[in-house]
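Look for subunit A in each of the two complexes below; its partner is subunit B in the first and subunit C in the second.
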Partner chain A sequence: MSYLSILNLAAPETIMVMTALAVLAADLLFMRELERGTRQLIGAMIGCAGCLAAVAWMLVLPLPEPGSLMQGLFLVDPLIRIVKVALLALTIFTVLISMEADFTQHIGEYFALILFAAIGMMFLVSTEDILMIFISLELTSLSLYILTAFNKRNIKSAEAALKYFLFGGMAAAFTLFGLSLLYGISGSTNLAEIAKAVSGKSVNGLDPLLIAAIVLTVIGFGFKVAAVPFHLWAPDAYEGAPIPSAAFIASGSKVASFFVFAKVMMIGFKGAEGSGSLQAWMPGWVPTLAVVAAASMVLGNLAAIAQSSVRRLLAYSAIAHAGYVLLAVMAVPSPLAPHTSPLGPLVYYVITYGLTTLGAFAVVSNVQQRTGGDRLSDFAGLARRAPLLSFCMLIFMLSLAGIPPLAGFFGKFYVFTAALSSGGKSLGLLWLVILAVAMSAVSLYYYLLVLKQIYIMPSTDQDTPRPLSIGSQAIVFALAALVLILGCAPGLILEPVMSAIKVAGL
Partner chain B sequence: MENFFFYFFAALTLIFAFLVIANPFSNNPVTSAMFLVLTIASLAGLFVLLHAYFLAAVQVLVYAGAVMVLFLFVIMLLDLKAEEERHIRAFGLGAGLISVGAIVSIFLISLLKAPLLSNPAPIVHGDTLALGKLLFNQYSLPFEIVSVLLLVAMIGVVLLSKKELK
Partner chain C sequence: MTIGLNHYLVVSIMLFCVGLFGVIVRRNLLVIYMGLELMLNAANLALVAFSRFNDNLDGQVFVFFIITVAAAEVAVGLALIVALYRKRQTVHAEDLTTLRL
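Here is the complex of A and B:
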């Protein structure tokens, strides 16, 4: 396959690579002498322009003829396009949030690494080949490790990055081991080919090697999405990393990882589902995920209650949300209703969750800039100092808890419905859905703890606070508006996704 | 004969790898690095048995040669002292043993139950010509992504090793 056809199909990614290089070069060549604020503004503008150009390319130009480049190494279809546009939107918001950052002098490098991480995620979602999945996963992870370590004046940032890196290295080894077993079983790196080889072998029960492959792959991806018991890096990384980096780990990386996780499981391990129903437990990847999901929901929600740092609280809430999303991954369409793909609810859930958590981090960033901390007590009396910001935090927290009419409610609703309808009439995953609903109720408690500090507790500091910049308020407000709008009109995402799934034939 | 060599090199790899991280006789980082060289050399032996001669040569030249020299440079530059004995917490030990035990049992069960493959993998053509053709035709896109990955690694190293001015 020639380079020209790669350029043609992967044009958005190419645009992004060139943008990253342009940000890097512009900062290093022309802007050394300028003030920091100007450098940040110019860097962010170049980055946003690149992202917008990539989005415009995907929205305006028609799809290239359906088909895959190089035997499934790189795919272009409407569903992938939607996910990529969402990833780019999250990237733009992350870049805008980092404009306020004051933790580093290396501005060009910071923006370039955000863009490189986004490139890794874009490749990650547009492939069905385990070789490409591994390489793009590494590109994303490597960029995120460096982004985590970026605040060199803060020892916590270094600790967070080291933990993230060591856990990530182990997880990559497990992923590689699992994927190489898959290659050994099937002799192919393409997910569909693997599924063909896998399903032919299950004469009586599963191929034992396949079980090992399932476990190892789940360990690897479980680390990426921070599911229990592979979550240990998440609270430290969320707390120690610079806020824009933490926000990007929590939003963009989650969207891409969940999408590809679901694809690997649904396409690659097709025919090895087993059953997670309590009455008819059968080995396969669904029961494996069921255990992980149940543990994530219980431990994430219960541990979040005990936190006093809002960032750690958001980390444990992210672990709990990983459990909910895994429900959608497990919701394999039953043979009775093959047209209800769970990918639709999954994509809606992760996109709205990404937007919400990004907004919550933006609010935390504002508070931390003024009070110097992210303890719960630092939020005390925020409503009197910054009413608009507080209202936005109210929206984000209630959306994370799943209160209608916000996006978080509909995300959970669709995911739980998909999980219920997956087993046909037997309602195999009912126990997980009941657990998820109960745990959502628990989660309301700690989200309300944050809101209680903001709205009820009296303010502790007597000084007149520094006024907020208009720009950062506008970003938070835009994110809150998006969460509200997508909640009131879920069809805005869901309908294009559903029609795209029909086109892709998943 | 091939079987014998496989078990020989595999055992050597495991023993040396164990000595890298848990050497009962020495806590010196330099000793660990030297055992890593031996681990990599025995891995190269495994690659030879798979007829991947190029990969074996690269393994010795790049990893055992170049990369390990850099490792030793860094260790000596930083003047690392022998690592002190750490006391291991009971909870950590228990959790570690349980998770390792679980994974080992999964592997053992899989290995014991797995049927012998009816069609063992064909001999790989691991020479440079075949590799180059694959790399620049079928796998040109991953190849390009790896180049971006190396750029990211380079930026990261420069950034993290640079002294912060303020």
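Here is the complex of A and C:
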């Protein structure tokens, strides 16, 4: 394989690396003298241009032969492309949200780190090799830690970053130890090779080494996707981080982590599924995830009710949503219905969820710029001051709660259907789906609490607030429109994803 | 007695547990970092041992990458401690109490 074809396969990532370096260089060499606003505008423009170029490369140019480099170290297929395009779209929106931010003078570094995190996510979704998974996971995480600490004036920012770092570092060590055991079992770093060894080991009962590997890997990825009991960093990071960073952690990083989590479980641990059905409980990774998912849904939704900060509320809602998405990860196609891959619902769910949270964070950012806080009471009377913004928040909150015809409803619908159909006629995961539906009803309560503040409570601030900029409102409208359109026409994502899954043979 | 794979694994698991214990119990952030490093190095030891007994070199290549990543991780971690210290004049985990419910 020549270098030119390697470059052809990895072109989007190459473009992104060049863009990140260009942002750094431009800020360092030419823009020291300019005002902060101008530097921010130029940096964001370069970043967006790079992301758009990478998207255009993937959408416009025909797909090169779906290929892999060095035995699965780097893969390109239509499904991965779709996820990458979604990641880049989320990156673009994050960059646009950060244009309004005024917490730092280090513009070049900030945008470059967002782009580096995005590069890490892109590599993360396009590999089936545990070495690459670990390295790109760390590239993403390290960039996100720094992004969390970026507001040096705010005392909360450094503390949140440190907590995120400590939990993340521990998660990385757990993941790594699990992956090293997998390497030991199979003698290979490739997921497909690992699967062969795993299914050989699990013929008569599970090997203790394999059980340890499953548990350690689940712990590691559980931290990454903020599932209970590994969720402790999420509320602090969401509250303390600068808003664009928090939005990126909540959206882009979740999309990439869930995709690779599902891939590791479905491909790497194929043959060690076990069973999570209540009647026929069998050890394996499905029951492990079932417990984690149930705990996430219950604790996330109940703890969210007690929050008074909207960002913490979004964090606990993210924990609850992690529980729902894990349902899709568990929905392994049964031998009876092999053509219903749960990856389709999963990808649809995480993409629409990412867009919705990003939008909610954009609204919070707007409110915080005007009132200086993100408490629930800061939202009081928002409908009178900014009716359009409030309507967008209404869309985001109802979508998160899963009200039709918004994207969140169809995401949940497809995920629950996939979980139900996975066990064939026995409906093994029925208890989890029932729990998930009940918990969705609970979640409606705290989303409505936010809306009650916005639409019913009288406004509390006396002084005339700063007017909203057109740009930041436009981003919110665009995101709200996307949530609405994807809800009305879920096929826009689902159909390409399904045909891509058929091509990939997953 | 010949030293087999299991001996290496036991040592590696013990290292991992010592590291984890340090992270959970110790209060000084710098010592917690040492615990994290110990956990990563436990994985390194396991990988090298597996590599030796599986007769392929993938594991050792993996270790080189991990050492590099661990160095980057410490750099970021120390930078975060410095950022916190400038604000708070503390490196103790129990002082991280600004963010509460």
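List of remarks:
Keep in mind that, in the parts below, the second predicted complex is superposed on the first by the 501 of 506 C-alpha atoms of A that agree within 3 Å, B and C clash if a C-alpha of one lies under 4 Å from a C-alpha of the other, contacts with A are read in each partner's own complex, and residues count from 1 in each chain.
Throughout what follows, contacts are C-beta pairs under 8 Å (C-beta built on N, C-alpha and C of every residue); 3 or more make two chains touch, one makes a residue touch a chain.
This structure is a prediction, so every number in the text was calculated from the model and none was measured.
Of the two partner chains, subunit C is the only one that A:S180 touches; subunit B does not reach it. With both structures placed on the common chain, the touch criterion links A:E128 to neither subunit B nor subunit C. Looking at the shared chain after the overlay, A:L162 reaches subunit C, while subunit B stays out of its contact range.
Applying the stated contact rule after C-alpha superposition, one finds that A:D77 touches neither subunit B nor subunit C. Once the two complexes are laid over each other on the shared chain, residue contacts for A:E100 go to neither subunit B nor subunit C. In the superposed model, A:E239 makes contact with subunit C only, not with subunit B. Applying the stated contact rule after C-alpha superposition, one finds that A:A10 touches subunit B and leaves subunit C untouched. In the superposition on chain A, A:I211 contacts subunit B only, with no contact to subunit C.
Once the two complexes are overlaid on the shared chain, A:A306 sits against subunit C while remaining clear of subunit B.
Comparing which residues of subunit A touch subunit B with which touch subunit C, the overlap comprises 131, 135, 138, 142, 145-146, 149, 152, 184, 187. Touching subunit B in their complex are the following residues of subunit A: 1, 3, 6, 10, 17, 24, 69-71, 73-74, 105-106, 109, 112-113, 116, 119, 123, 131-132, 135-136, 138-139, 142-143, 145-146, 149-150, 152-153, 184, 187, 207-209, 211-212, 215, 229. Touching subunit A in their complex are the following residues of subunit C: 5, 9, 16, 19-20, 23, 29, 32-33, 36, 39-40, 42-43, 46-47, 49-51, 54-56, 58-59, 61-62, 65-66, 69, 72-73, 76-77, 79-81, 83-84, 87-88, 93, 96, 98-99, 101. Partner subunit A is touched in their complex by these residues of subunit B: 99, 103, 106-107, 109-114, 121, 137-142, 144-146, 148-149, 151-153, 155-156, 159-160, 162, 164-166.
Looking at the complex, you find that subunit A touches subunit C at residues 131, 134-135, 138, 142, 145-146, 149, 152, 155-156, 158-163, 165-166, 169-170, 172-174, 176-177, 179-181, 183-184, 187-189, 235-236, 239-240, 306-307, 312.
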